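Going in written order, the chains are labelled A, B, C and D, and every chain counts its residues from 1.
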Amino acid sequence: MSTQTDTLWGGALEKIKLWARVNSPWAIHYNSGSCNGCDIEIVATLTPRYDLERFGIKLKGSPRHADVLICTGPVTRQSRDRLKRIYEQMPDPKFVVAVGSCATSGGAFQGCYNVVGHIDEVIPVNAYIPGCPPRPEAIIDGVVKLLTSLQAPPKSEK
Amino acid sequence: MKFGTMLRDIWGSVFKKPATQRYPFERLEAPDQFRGTLHWTPGKCNGCCLCMKDCPSNAIELITIDKKNKQFVMRYHADRCTYCAQCVRNCRLECLGMAHDEWESAGLKREDFVVNYGTEADIATLLAKHSPTDAGEPTASGAGPGGGSTATP
Amino acid sequence: MRALINLLFFPGGLFLIVLALAYEYADRKLIARFENRIGPRWFQTLADIVKLLVKEEITPATAHPVLFGVLPVVAMSGALTAALYVPLLGFRPALSFPGDLVVTLYLLSLLTMSIGMAGWNSTSRFTMVGATRSLTQLFSYEAPFMLALLGPAVVARSWQISEIVATNKGVWILLTQPFGFLVALIGLMGKLEMPPFDAPKAETEIVAGALTEYSGRGLGLFHLGKEIELLVGLTLIASLYMGGIANPLEFFVKTLVLLGILCTFHSILTRLRIDQTVGLWWRYGAVVVLAQWLVLIVWKGIVA
Amino acid sequence: MSTEIALQQAEQLLSTFAKGTAKPEANRLDVTIEGSDLTAAATALQKAHWGYLSALTGVDLGPEEGAIEALYHFCEGAAITTFRVRIPRIGGALPSLQTLYPNAMFYERELLEMFGVTVTGLADTSHLFLPDGWPDGVYPLLKDANAQAAAERASASEPPEMGRQGDKFIVPIGPQHPALKEPGHFEFGVDGELVTSAKVRLGYVHRGIERATQERNYVQNLYLVERVCGICSHSHANAYALAVEKLAGVQVTPRAQAIREMVACLERIHSHLLWLGVAAHEAGFETLFMYSWRDREVIMDLLERWTGNRVNYSANVLGGVKFDVSPEIAAEIRKGMDTIDERTRHYLHVTMDDTSFLQRSRGIGTISQAEADHLGVVGPVARASGVRRDIRTEAPYGGYAQFPVKIVVDAAGDLAARFKVRMEEIFESTRVIRAILDGLPEGELTVKMPRRIPAGEAISRFEAPRGELFYYVKSNGTDMPERVKIRTPSICNWISVLVKAVGSQLADVPPLLAGIDPCFSCNDRMITINRPGRGGQVLTWEDLRRQAASHTRR
């Protein structure tokens, strides 16, 4: 009997946790070698025309406050450590979105000597948004797809 | 001393409709010029590979099944594409085009971005030739029916 | 038993938290509308807090772990306790004694002190600069703010909030002491580190100031503490300067009007540098309030 | 001073040092100089106030020749004087011009890193672009260097961050900045709130584009250089196209030139509005940020409708442009320009009249005209200090001869003046766009370009939104360039931040950084992402922690 209520409570708690997580994804943005194009489009999604705050997304400065790491650009050698470090500094549960063709595959910068590769060669990525740069709408679409995928399984762990 | 030069803006906005578009609840079309996902129409292509040659990011692979019968499969890496449309310009036979309404291409798996264009038979030949576990070879590739189909990433 | 209910549900604890979240929502929504965008959904602030509370908490290796954990609780409880002394919703305060105004003001400062200590304890260079700025700012606005709030007390010759409100019943002190009102309102903005007084957490300079190292629960509690402080501050100013609060309707109207004024200031001003903040308070704020005190005392001495 | 007179003067000044002179183009003078005469020759130019050091290009002539050529490009108006200095490929050395031209520091460090040329007298020889832990003796721009393999070996670990230096407290701002070489990691030593020292480390976004251009064909490179910087994508592509067209001897039609100029003007407006928002955000004026970005969307919409992409328009092809101006789009652009004019007038009022804003911008980071001249700053930063430096008016290229712009200058030199100059350039741009729409020349859009570009070298200078953009392209007759040198405007302007930051308030540093608009969309990001890691902290903050611990114990 008591175990049953426990699971009931546990289930409800999980649901609440998930609900809060999906509805309040605070983001941090890191540019590991991008050309700026994707970055301005990410900033544009915060501005009145697109307004990501509708989904509860706030761009935070400190990785400690963030749930979602938005990455742009291929990873250069100098910024690889920094990217890893930022990822490690984020508290669990955390998600990574790679924005732009360079972030998903290296794009036009494949084969440049100072480029390590794309984001998921360094840290795990949860969602990819190709485009050069993707339209702000496409970025919103990607974020929504990520959030939807979190909701899909009843208990999502990382 | 002058303060509040934006006072009228802010209070005006309170009584105006916000500038925000309601995407994704209301979808607004991209303009016709927009360079979205690349498409390839088989049949016309003669395999000159000019599209491949000038692609700044290796997004296009033109795989020859049978050169004489003009049987090709184009493997398109949407994740690499820089959407510059140089390939479209280079193609004199107008096999290539960029869809202006395909820009919601975000995905959760990188493999989904690789698309094979071509007739169903050609894609099947290609897949048979290479083992399906081939790196970067998606299971979703041959998904679309008929020629010029997209496996929507 | 009654005290427990007071503390946990009404007017303390749960009720207060819900109300504070509602006010934060109003704040954010209004700012969003000022910026011509839609802004957050109605449950946004709740989702933020719940998410922060269930998120992993990382304690920096260099920080004192106990202090790191305790400070948010101290901050939060300070704000919660302060709320017991003010006439929330127009009801009689849960606790009241002669001199509670001073206690309330000190309890409100507890939050800033905790933030300063938290920043110092986290020993990252950003939290350090943030903590220094927080405390510098505290010392600059605290005295004028306090003097401004004591203005109505002088008129009523009492240090007890309910007494002051009762004595000045129906009188809008903001008409007789407009400078005090202005200083109190702007002091509240300084207290809450609202723009343009957000130098202590200026994102573009020092990331998130003193709270940079906090994640999860600690951040959530600080955040909540701040929202409660906003509520308490608004109630205090409304009841002291705007003729008291008689019923819930009056409470909402008056505090929301005040919130609207705060948001307007927030939106039309550029962030002050910390030296400019200090200069502003000591050069203008304190002088203006002191001058007003002088006038009050002289006037009181002659008339009464 | 007309171009010919300037070149004559330069020839005269340099006559004692010249081992040979050549005039590859009407506005260029090439002077061959010995390495030992370099300082004296540069001093002669400096003393006569002949121009400024615009760029320093290193060219590897290959192992057979066994030499490297260092090209010092000095510009005065449209005139370009180039010092050609040959040095041995291995063990070559050059004297530093740092004291004469402060900017030379960046160029020389680049020469050192990329070609292994020893520069004597250089104060700081640490890595500027290449990652920390880059193996010694590998210089990526040498032809036979296997940079890829060397890079694999590079242990890309950052050095431990400095928390304290003596009594100073180091606040880092950085480490990334998005353009080719413009990412900066700054370390500011602070005493309380006062900045006492400044240091810059670039290279977080160094991708090796210059090397990559040598391995791609001319067409691919057009799109690669477009991605040097997403905000001035058109400027880069256009400057590159101009240089390659010059090499190929192709004359682009007036219509294509006009369209290019129009895109450049639209880009300038979008860039300046973007900058306005970011600078306001840095100073802590969120409302202005939101509004300016909202109105910027007008331009972004126009660009997307017209070119098909919001950021990387890909308007250029070698030999022309991709698309035409239809009557519908022309009408829309006109309408958009009216909106922009009206809103910009309002923002000019806000930035120039609002006391609360002015107290963060007036008198901050003031650069006098003489100082700006000496530091060699370019673009709006220079113009805000009264230096009349604008390639569009000094050396009109492309359509600017037919549709000229008026130069906007201001004498004040502070942050507020930079706001004013940029806002007024928006008006100028809308005016030019209208003029072009009124008088759009008829003609073809493209001219046939050869795939193989004849051997030779070409320089193109382009006024990007941030200032002078410098391209040097050397061709060897194949379909791949032998050398492409890109000197972005921001690298000229970093020095002004370093100089001006010292002695200012920490809170003024972000607006100061913003003031030069270093391809700026991400400058706030570049500050925010930079948090000291816990690992590094334990080490470097040891004594600070001890101090803190003893403090609490007491």
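The rule is simple: a contact is a pair of C-beta atoms (placed from the backbone, for glycine too) under 8 Å apart; a residue touches a chain by one contact, two chains touch by 3 or more.
Bear in mind that the values here come from a model prediction, so they are computed numbers and not experimental data.
A.B. asks: What chains touch chain B and also chain D?
C.D. replies: The common neighbours are A, C.
A.B. asks: Just give me the whole-number Å value for how far the CA centre of chain B lies from that of chain C.
C.D. replies: The mean C-alpha positions of chain B and chain C differ by 53 Å.
A.B. asks: Between chain A and chain B, tell me the centre distance in angstrom, where each centre is the average of that chain's C-alpha atoms.
C.D. replies: 22
A.B. asks: Starting from the mean Cα coordinates of chain C and chain D, work out the distance between those two points in Å.
C.D. replies: 46
A.B. asks: What whole-number Å value describes the gap between the mean CA coordinates of chain A and chain C?
C.D. replies: Chain centres of chain A and chain C, defined by C-alpha means, are spaced 34 Å apart.
A.B. asks: Can you pull out the residues of chain D that are in contact with at least two other chains?
C.D. replies: 223-224, 227, 287, 290-291, 294, 297, 304, 309, 312, 354, 356-357, 527-528, 531, 534, in rising order.
A.B. asks: Which residue numbers or ranges of chain C touch two or more of the other chains?
C.D. replies: Answer for chain C, listing residues that touch two or more other chains: 32, 34-39, 203, 207, 212, 267-269.
A.B. asks: Check each residue of chain A and list the ones that touch at least two other chains.
C.D. replies: Residues 47-49, 51, 54, 60-62, 64, 89, 107-108, 132, 135 of chain A each touch two or more of the other chains.
A.B. asks: How is the touch graph of the chains shaped: line, ring, star, complete or other?
C.D. replies: complete
A.B. asks: Which residues, counting only chain D, touch chain C once they are in their complex?
C.D. replies: Contacts found on chain D: 163, 169-172, 190, 192-193, 280-287, 290-291, 294, 354, 356-357, 359-360, 505-510, 524, 527-528, 530-532, 534, 537-538, 541, 544-545, 548, 552.
A.B. asks: So in the complex, the part of chain B that touches chain C is made up of which residues?
C.D. replies: 3-7, 9-11, 13-14, 16, 18-20
A.B. asks: Can you name the residues of chain B that touch chain D in the complex?
C.D. replies: Those residues of chain B that touch chain D are 1-6, 9-10, 19, 30-31, 33-35, 53-57, 82-86, 89, 98, 100.
A.B. asks: Using the touch definition up top, name the residues of chain B that touch chain A in the complex.
C.D. replies: The touching residues are 18-21, 23-24, 28, 30, 56-58, 77-84, 103-110, 113, 153.
A.B. asks: Along chain A, where are the residues that touch chain D in the complex?
C.D. replies: So the residues of chain A touching chain D come out as 28-41, 43-44, 47-49, 60-64, 73-74, 76-82, 85-86, 89, 102, 107-109, 111-116, 132-133, 135.
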